Structures are given as structure tokens and as C-alpha cells.
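Shared between the two complexes below is chain A, which has chain B as its partner in the first and chain C in the second.
Moving on to the complex of A and B:
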């Protein structure tokens, strides 16, 4: 209804920007009939989009390069990009912001510079580091996070960070601090784009089963009964470089090549420019819709496969009500006498957490930090204090713990939201066990067609 | 071991050296280098396409800086074709990039033979009338045509090629041809040489499942008058038979045999493949393409040496086994594949001779690739644009119209044509006014355009054979709101799809889209409509 009443001047070419955004203006200055609930077209919306909204792009690889370009040309003029990698020759077939001369330089820095040189008015701050290296408060600055990653662990981490901003009211309804995410991924001719609005749509962890585990060969097969080139290579990688070929000859196996060696050892994913372009464009368009409400937002998971014809399938997945990450948090009941040090031990023993070396924060305050050494020293004295006192004698509150845990035998960084309640201080708690299993088995019926199959040799 | 680090490494893993060579030989012409065309070309230049020629008449204006990455502020006032060409060249110096500052429409009138020099034309943002002309020219000159268009939150990609044949379709979900039901003598002999009742548990758990299944199918057939386990009940019984031979529940090879037990019943060939075998083109003559000559040979092979089977592919999946058993098994399959290949090759040579061509005209390597992929062949034929407009596939389209899930895409298909008619009538797109107008849904100018566009769209609907009196009104109104805008994100999506299809057409790998791809940027429920 708000859209109906709005009237907007469309004097293209007469705008202060000289008509530069003439095309985008149609979507954000004009009222529409199929739009988001809170769409208020007009110059104010445009000003917000271009001057106020801050976007974090995670990853400056194949998707990241496209995303920076697509977002900047969709009117997001304040961007930051974070990536820990440097440029490799094999990036050049799709990561179009890089040239031969850039090989070895940080991706985030080169990408930011290139887009700023080409698109006037856009400001991009690069961060050449791991996302885990950033303080949690770093993420406060952003209105939306767009992910162009190839790692499940990194997705999982950033997802937990974004979900940690979510607060629930006493009825368990999401109330405040929603930080939307748009996530893309590709492999060969396949890819996905999804929208995550914590508390409203499923988070990454709610549908973790969409990502099957990566292929690993049992060691005994590799050592005693190798059958394929991949087995020989994996074995050689484990035992000694360069032995693959010899071993293959010994067993009469053909097909050990340099390119296969690289593929098996580094688990290299085939990648082409077109799929990255398609998936990134879908992500950027959704980011624009989420931030302006200029059209409907996708609901909520787009699976794309261009191998045979063009298949794009939209699925509205459901949230996992018991999700450890986007749910209300893990309930932990404590005695008032528990010290911070004891609390940290408890997190390591908790069967659903098994957090080792966690750092603890409460409402942005560092209670105890494992690293860097300066912070560790500063917070060390808190360890012997009572947690109840440290959080200001509040009977129940949210505490965040960042540490590592073991998932499928692999150490993984994670951030967990904890709902701490002190016994005898607040109303009694009945729902002691509100969370479900963290990692479920891969759904065997979920057709591999849409997923990310194990590498084929 | 020391192969050079290659910038194409990640894509070579997908289409191989041959696909890459085909790309490097191709010459592409792009008509109009707005963001849709520029993005399509960008992806191809990155991948190392041979040469590109850009045809565009415009000068770079301010609005290009708001939606096109291949121009910058210093380009304003210069030829858009030249600026895009320069930035494209920077992406990959192995590509020959050229430009012509000229309107594609004028070129169609004055120099139609210009287009015949290219492998493929990508036509972007062209109106209906020009597309019809271009399609005719391309079909006459045997040039492939890919049409791409972005319009507000919608877009379209359509291929127009008389016939596209694919040998390496790279189907992913394909059950290997392992012949468990019908082993040839050497395979049978190998299976017989292995004793399933071997006492040594280490040997027992390293018998490959292929051998287990071959032996047990044989046994099953003896017990069931030569029939295979076909019904669900029989299949379960067959699994029990496998299970009964396990010494230990942890024997991986037996577990694999149970999981693979469905492979003992041959799949039968799909309707696509049987259509290819029955296609009139398989009656070959001097003018037949290599593909159809090989299909003709394939048919002969199946009817003769093949005894009803396709040539064996020769590869076997990984399975728990001792290395010795596995390598031997591999050799037996490879040897049979080689025998089948030689038989097909001989037939290809004699067919070539019969139709008056050089009997060596098709290389051994090509025949080998054909044999290895003979169950995965694909043929795509695209009707001309003129045919599509004159005699639409109404029955097939009707299904889409009634599909609630995809209500927008069919509407967009009609409206994308309607805006071109609108432009032909009024010399502007709906929602683009020649004077200052307050764009409100209630203003008379906007309401008039919505009304006009709707009437044109209903006219098109009626021509398509639909009795509808109106389209979804909100969608017509959105189409007016778009006012011909070319948004970067939509252009990058549509251009990305177009470049992907170009790669499939040129590498002759993977299967191009069969119909008209309609992009729905509202709900992201894009769809392929039948042509």
C-alpha cells in the first residue's frame, strides 16, 4: 500500500549523478506491484543504498571478484572484502580482476584496487587475513554479508558469527539484530545461491546435510590394495612426494599425471568463469532486493546445474528449530559459585559442545581471550572470578564462546551461543535439552545431481 | 611430471585439451556491447576463445558507467565497442579482439554476408524484427546463433542452430555397462577362475564385487529358468543370496555387491537414444556429417557383432579388491572394448567408402571417443525463430501456463515479445516517456502504457492459441516499471548463461539447453520453455 501512494520523479538524465544510475533508478525510485513489504521507493532509498549500506564480501576468488563488480554496479558503493589467499596463475581463467603481473599478491588488495579504479565512486576496504583473525566486533559494521567461499568450515564460521547477532525475546521469537547473508558456491557447471536471514530462514547449519563429506580413502586401501590413480597419489602424498608414479607402475595402473596429482592432493575443484558469473549475479541481485525491498526475495535456496540443459531449482527449505547456531542458543545451567575457569572446563566436557580452548565474550566484553598474548594476559585474572559476578549478576544471559571442536575428526573453528542460567536466581528452567544433533548424516536420497559430488577421476 | 602451471588448469579439468582447442579455434561476433553482451564475452575471453569481434554503434554515455564494467569514466563520449574491446583484451592477450563501430541493424541490411565469417554470433538486446532477419542469415550461412536479452528483472537466452550433435555429453548419472547379466567368454572365464568359497578370509574379502555378481547372476538364472531378478521381491531375494555368502558382516566387497546388485539388470536405452538410432539422418549419404556416419555404423554393429549390445565402454568403477584381481578385471574390460571398437571402425570405413568419401575421413581417435560414449549421444535441433513465432508449440506451452509454481516465466516470455511490438508502434519502451512524468501507478501516462502493453500481450497470447483475455496484471505493470532497464546483476546472469551455452556449442561437449530459457529475477524461478 505504501508503494501505491508513493510518487516519484523519474527525470532521468536530470539527476545529480548525470543519469549514471538510470537503469537501477527504475527499480529503486519507481513504485512497483510485485515488491517487498517495506519497499519505499525514492531518493532516500537510493541515498541509503549508496551512502549508508556497508557490505562485507567474504572471499576474493572466482565468486568474490564477480561479487565485488556486481555489487558495486548494483549501487552498493561501500564494500569491504576479506581473503587470506594470494593470486595463483590458475586463478586467471576466471578471477578477472587479476593479471599475470599480480601473481603472488594478496587477492583482496588487488581486487579492491582494480574495482575502485574502474568504477568511480565505489570504496572498497581490503582485508588480507583469515576471517577467524578478525575480532567479532569487526562484523558489527556491516548490514549484510555476502559469501563467495569454497570452504565449508569458513561458511560455518561466518554463519555462526552472523547468527550471533540474533536475539530472541522471552517468547523465543527473533527480535533484534538480524544480519542477513547471501551465500554462493560453484563447482564446474553447478552451483548454488541462497539467502540466509537468521531467525527467519534456515541458516547454513540448519541444512548442513546439503554438503556431503569430502572423499577420503581408507589408509589400508592406499597402502595395500591401491586400484586407481587417485589411490596411488593420495598414498604418495601421505608417504612421500613424487612416489606416485613409481607406485602406479609397480601395480600396473595408468593415469597418474601432474594435473591429477594436484587435483587429488589439494582437492582441487574444477572452475569456470560462466558459472561463477551466474551464481554471483544471483547473489548480488538478492543482496539488492534484501536491502531495498525493490522486489521479492528468493525463498530460499537456488540450485543451479548447467551440465545438461539449464536447470535452476528453487527450494524453500525449513529451519531446524533446534539448530545450535540460529536457534535460541544452548542452555547451560550453572551454580552461582562457578568460576570462569570452571566454566571453560565445562564447555570442553559438554557432550554437544566439546569446545577446546574457548575464548569467552559477554555483550562484546572479552571475559577471557586465548589469543593474542596481550589480550590473554589482560584477561587472565578473570579466570578465578565468578562468572555470575563477571556478567554483572544477571540471572540469565547470552554468552558467546569461540574455540575449536572436532567435526568428522577434523578440528574446526566454531562460535557457539550459550544461554546461561544461574540456579536459584531466576524462574526454573524446564527445557534443559533444547538442541538437536549438530551434524546429521548426509541424506542419501538427496540427488547428487544438485549437490557437490566427490571429485571424479 | 613437470607440466607447466597452466592458467586454464581449472577449466581443462572440465572440457579437456580438445574442448580447449575448439574454443581457441572459434571466432565469435557480439552484437551490441551493453552489459549483457560485455559480460557474455568477458567469460569467453577469460576462457581463451580464439577471436571476438564486437559490433556496436553507440558512444559511451553516463548510464553505461552505472551498469557496464568494461567501460570507465574516461570512456564517456568514445566508441563503446572500442572501449569494451580494449578492456576485454586486457583480460587475456591470447585472444584476438576486434571491434566495428556500426549498428547491427544496419549491417543486417547492407552487408548480410558479413556474418558468415564467424563460428557463432551472440546477439544481445536486439528487437524481434532484427532477430528474425539475423536468424535467416545465420541459418543460410551455417553460423550458430545465441540470442540473449536482459530487460528489468527478466531476460531470455535462446539458441538457434539447425542441428547440434553431441558425442561427449558427459552425462553424470549413468550406470556403467558392465555386462554382469551377459558376460563375454573371457569375463566369464575370469569369474569362473575365482572361488567364492575360498577359505582364506583375506582373499575372500578382496574378491571384486563384479566377480561376485557375475557368478551369482549365473546361479540365479540357473534356478529361475534363465530369468534375471526383475521384480522387487526377486531383487530382495537376490540380495539375500549375496548376503548368505558373507563370512563376516564387515566384508566391504559383499556390501558393495549388495549395493550394486541393481546393475545386474540392463537399463535399456532411453527414448532420446532410440530416437537417434531411428532418426532419418542415420540413412547416410555423401552429405552426411561424421556423427551420422558413426551412428549408421553403430546401428550395424548392434545388429551384428554387438548381438544387441552397444560397444563396451571398457571402464569399470572402483571397487574393493586385491590389486591383482582389479587390474586383471580392468584389462579384460579394456580388451573387449578394443575388440568392439575395431568392429565399429571397420564398419565406419566401409560406410565411408560406400557413400563415396575417403574411408579414412574419420580419425581412429574420433571413432574411439564415439564408441566410449555411444550410449550417451545427444542431438538438439532448434526451430527457426520464424517458425517459433508462426506456429508456436502451444500444447507444450499450455502446460507451463498452468504451472502455478512458474507463473511468472510464461508471462515474461509473452511480455518480452510484447515490449518489442510496443517499441515498434510507439518508438519507445513502455514506461519510458519522452517528457517528465511523475511515475506513479495512478498517473494516466503509466496507466495508459500498462493498458497498451496488456492489449499487445493479449494479442500475442491469442496468436499463441490461448484464449486468455488478460495476463497477470501485476506483471504487466512491473514490465512498465522496468522501462527497458538493463541492470548489471541481471545482465551478468543472462550473459553468463549465454556464455555457458556458447561453450557447450563450440566444444561440442555437454548438452545445450533445448528450449527458450526465461530468467525470472523476481522469484528466481527461471524456466526453459519449449520452442
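Moving on to the complex of A and C:
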């Protein structure tokens, strides 16, 4: 059904004097000089863009509304949107897909419905929940993820999810499972747009330090010697929020939690519709560039400031080669007969690691902790067990280790990502060493090898 | 990138035809490496924390949620000098997912008569709020908390009454602290006993 609708709209577009896709056509049907390396203009590209590509939009708020509209009008006709919020009356000034009668309804559902009504051929699947509530496999089917979020935590989460698809070859070059992201963010008159192609450009975690620390007032100032209006508000928020709880109990209202209190209070920076529009437009364009190669993508972080006049600046940030989220980690081949204790010894001898006294964790499971003593005692019994068994007999996986190492003669504590592969297990047949550079794929007969799940339609 | 994704699809189809059946669905990388709702980031942050831990001898650490939750723990302080000698004070630590970008949330679980800790357990320690820097860690906080007990500070009070008494009548402050730690009333507030060992 959806595919049929898409065909109709493409044809419609051609009939009406170039129609809806007139401008898109100029970008993706004609050759150019500043296009991406893999650009192949033509109707096939357009058809693939409209029928094959699946985009996940995270957030249906100020940025999300703009993004859905911009992406749909850029030819992305298969969209899904996820948002945990319902519409508040204060959203209506800028979240233009919502009307007064929609107050109280889920943002994702109303936004999806509204865009589908206005733009024929687009299909948007809404998800009214937290991103953390989705099973990780939910993210398998998307070719690109566009973020319109307002928190560092949510960005960090989705970044870790996207980077977890990334596969590296034995030389530490990304070989498969690249799931690109475009991240937008706004606060008042300021905003940013950035392109994250895991393995190629810095991921969110590589330069998380970019975020300025939040302004925090000393607790004692708030409690005893407030000097500004902000101090008084923060006092009610931080110290007296228990009052809100008592009041809710008195009136039989549930749901007053600390996090909700924060959610209500933090909306102090007025959101500016034009900032959302500008940042979203930049994001949608980058998404189009990444997917179609119709132009080279930005490198890699755009800052926008509309406080006084208009200022924008592009900065090319560098990857953190030791990034624990998007970095390749250190490849270690092991025999399945290796015990945890032996593995720990190996990390001390490994020339690239020389980790002494390492603690080991695997997928949220602490296998061995050197310290503090209470944890050491709880994990000691694992030492004589086989590592292969401890990680659930997975032929290759990521393990994190932390310990001390010597850098320029100085003892330094460090945390390392390890890519562990067990010799002689099923996956070993599809050894990684045949894989080439980025964008090259192994021409092997084993369908199980292909890490990137291909979406089905 | 569309071209890339198309290639993949073609490869998959060819494989399907060659084998005359759909390929076994590979568990996605995401499923392999992540639990639902846990990005793993928290985990290694917690791990880094613990390996760097070098607590003062006046403190012990406990993990109420077991060995795999390193983001929520309790630190017990038993000051070895000063007004609070002989007392035992439990602090809960909640490490946020984006630590060390943001400071852990620390609360005093033990009700204490202290100028810099209020009766709800809020703690006034600069490095927990306005002076937090990502280079600081759990150690720094524990040492900071330790210092609050050896050198309570009447200049930045959270408990105004206790601060006033400390400033104007240190002798009375000492008496009040002993009374509160032994289990008893100071003014209108009752403090449960928090002395080390048996009575």
C-alpha cells in the first residue's frame, strides 16, 4: 500500500510542472562537480531514496516537527518517529504540527498523522515511548537516524546504539554496519547541527566535552543566602520539591517525581521557532547528502548563533581514536580454553596494552573486579572459569578492561575496549582479515556474515 | 550511501537464491552487544570509577544492588578525629549516565546534626555542585565528605541552627553532636543513634 502511494506521488510530482520534487530533482537527477564519490544521479537514485531508505527521527518536539516536515519534503518517504511526550499547550507556538485540540495527545502520533495528511506518499510510523524502551533490534531497519533531542543522556544512549552496529576489520578500519546519524540541537537563539558517521567522523562520545557544564548554584547559597531570582526558583526546585509531593498526595495526584520536577523546571530557556527551523533544515539537507551523495557532507559540526545578527561556523572535530564507543578497540584472538585468570595475564603481556591488574566487564556483567575488596570477593570465583563460557559462548564480542599501564614512564589508569575473537568457533570461518577498507564488502558465500541487516519491504 | 545499502541487499538476495532458502537471520550487532535500555556506556564508566577508587581508611563501600550495578552504591564514613569521632555515616551515591560530565548525586542517609548537611540529607559540598569538574572522581568526593566531618564549616550552612551553635559556642556544639550521635533530641529534632559498635 505504502509503496503504491509513493509511486503515485512521484508521478504526480512529474505532472505538475516539475511539481513537488522539482527542487529535489535538480539535486539528484543531474551530475555535478562537488558531489560525493559514489554519486550516481538519475531516476533510480530518486526511486531508492523514496522507496528504500528508512529514516528514524528521534524526538517530535520543536526540532522533531520541523525535521519530519523537512525530511518528507526532501523525498524521504519512509519515516518513523519516536517520542515519549504528550502535547502541552505551551508547545503550540512552535510545534506547528499540533493544534489546540491535540493537547494531551502523544506528540509522535499527532505529528505523523499531520505530515501524512499534508504530504501525499509519505508514510510515517509513530512510536509513543522512550527510546530506551525499544528493543535494540528496533534500530536494525533504519538506514539513518536523525536526532531532535534535548538531553545529553538520550544522545549518548542512541549514539552507543548506533555505534554498536559498527564492525572493524583486523587493521582497525570500519568495514561494515555503518549507521549514520545527524544530530540537531537548539537552545534559545543558539543551535548546532552535526553529522556522525560512526567509524569515520567523531561520534557523540568522542567529544562529549563540547557540552558546557550546566550552571549550578552552591546548595548553601540557595538554602541560606539567596541573592538572585534564579536562586529562589532553584531552591524550590531542589530543596523544597518534597512540598510538591505532599501537595500531590493531598489532592490524590500521582506522578510527582524528582525527574518530572526537573522536567517542568528546566524549560526556562524560551524555545525559538526560527532556530529550530534553521537547524532542522541543515540536518535534513545533511541527511539527504549522506544518503544520496548528491554533495559532500559537512565536516562535521555546524554551530549557529542568532543572538545578535546571524553567525554560523563549521568546525571539523577529530575522532578520539581510543573512543570506547566508536573506536575499533584492540583485537585479541583467543583459544576457547582460556580461563579468565589466563586472559587477565594475557592483557599484561599484550604489547599494545601492558595492562596490569585489569578488571574485566562484559555487557554489563562484571567478570572480575580487582577493587574495591568487596567486589573482588564477589567476582573471585570467576577467575578459574573459561572466558568463552563466561561471555555466553559468543564467538566474537566486545569486552572492556580497566587497569594501569605505563605511558611515557608514568603509571596511568586506563580503560580499554577489546575485540575478542575465539579461534575455532563458527564465526572464525568468516575471518575478518579478508575484509578491506571502508565501503568494500566481502564477497563471500556465507550469508550469515553480513552484519548489516537488510531492511525488507 | 544508498548504493552501499543496495549492494548489501543484492548480496543477500543472491545468497538466498544460491541456497534456495532465506539465510539464517543473524543476530544484529546491536542485540549482541547491548541489553535493552542499557547502552553499556554506564557500565564501563562505573568500571573506570571502581578501578581508580582509593578510599580513605575511614571509609567503606557497599553495593546494595550487587556486583553489576556500579552506578549506585553506599559509602560509610567513620571519622577518626574531630567532633564526629565514633560516629558512622552512610552516603548514597547515584552516578548519572553521563558521568563524569555531571557530578554524582550524593545524599546522607544517616540523619546528622551538621552545619553543612540538612535534615533531609542534602550535602553542601562545592565539588558536588558548582565546582564539579570532569577530572574529579569518586575519590575526591569521599575525601571531601571526610573533610566535612573533620572540619565542619559554619560559613556555608545548610543547617543554620547547627552552624550558629558551632560559631558561637563550640562547646555546646560538641555536646549537641554527641547527643545526636548517641540517639536523642537536639532542640525539637530527634536523631537516631549512629555510633560505631554496641552501646
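Here is the rule we use: the second predicted complex is superposed on the first by the 282 of 457 C-alpha atoms of A that agree within 3 Å, B and C clash if a C-alpha of one lies under 4 Å from a C-alpha of the other, contacts with A are read in each partner's own complex, and residues count from 1 in each chain.
Going forward, a residue touches a chain if its C-beta (ideal position, glycine included) is under 8 Å from a C-beta of that chain, and two chains touch if they have at least 3 such contacts.
Worth saying up front: this structure is predicted, and the values here are computed from it rather than measured.
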Requested in this report: May I ask you to decide whether A:92 touches chain B, chain C, both, or neither, giving the answer as first, second, both or neither?
Outcome: first
Report task. Could you say whether A:120 touches chain B, chain C, both of them, or neither, answering first, second, both or neither? Result -> first
Report task. Give one of first, second, both or neither to describe whether A:406 is in contact with chain B, with chain C, with both, or with none. Result -> neither
Report task. Scan A:189 for contacts with chain B and chain C and give back first, second, both or neither. Result -> first
Query raised in the report: If you stack the two complexes on chain A, which partner ends up touching A:302: first (chain B), second (chain C), both, or neither?
Result: first
Query raised in the report: Where does A:180 make contact in the superposed view: on chain B (first), on chain C (second), on both, or on neither?
Result: second
Query raised in the report: In the superposed arrangement, which partner chain does A:381 touch: chain B (first), chain C (second), both, or neither?
Result: neither
Query raised in the report: Where on chain A do the contacts from chain B and from chain C line up?
Result: 221, 242, 447-449, 453
Report summary line: Counting only contacts in the complex, chain A reaches chain C at residues 38, 40, 45, 48-49, 52-53, 132-137, 139-140, 143-144, 152-153, 156-157, 160-161, 164-167, 177-178, 180, 205, 208-209, 211, 213-214, 216-221, 223-224, 238-239, 242, 290-293, 324-325, 357, 359, 361, 363-366, 369-372, 374-375, 378-379, 394, 397-398, 400, 402-403, 413, 415, 439, 441, 443, 445-454
Query raised in the report: Where on chain B does chain A make contact in their complex?
Result: 1-3, 5-14, 35, 39, 42-44, 46-48, 61-63, 65-69, 72-73, 90-92, 152-153, 157, 169-173, 206, 318-323, 326-327, 431, 433, 436-443, 473-475, 477-478, 481-483, 485-493, 495-497, 499-501, 503, 510-514, 517, 521-528
Requested in this report: Quick one: which bits of chain C touch chain A in the complex? Just the residue numbers, please.
Outcome: 1-9, 11-12, 15-16, 18-19, 23-26, 28-41, 43-44, 47-48, 50-53, 55, 60-63, 66-68, 70, 96-98, 101-102, 116, 118, 120, 122-124, 126, 128-130, 132-134, 156-158, 160
Query - Complex contact set, residues of chain A against chain B - result: 3-4, 6-11, 13-14, 17-27, 29-34, 66, 69-70, 73-74, 88-94, 96, 99, 117-120, 188-189, 193, 221, 225-228, 242, 245, 251-253, 257-259, 261-263, 268-275, 277-278, 280-282, 284-286, 288, 295-296, 298-299, 302, 306-310, 312, 314, 447-449, 453
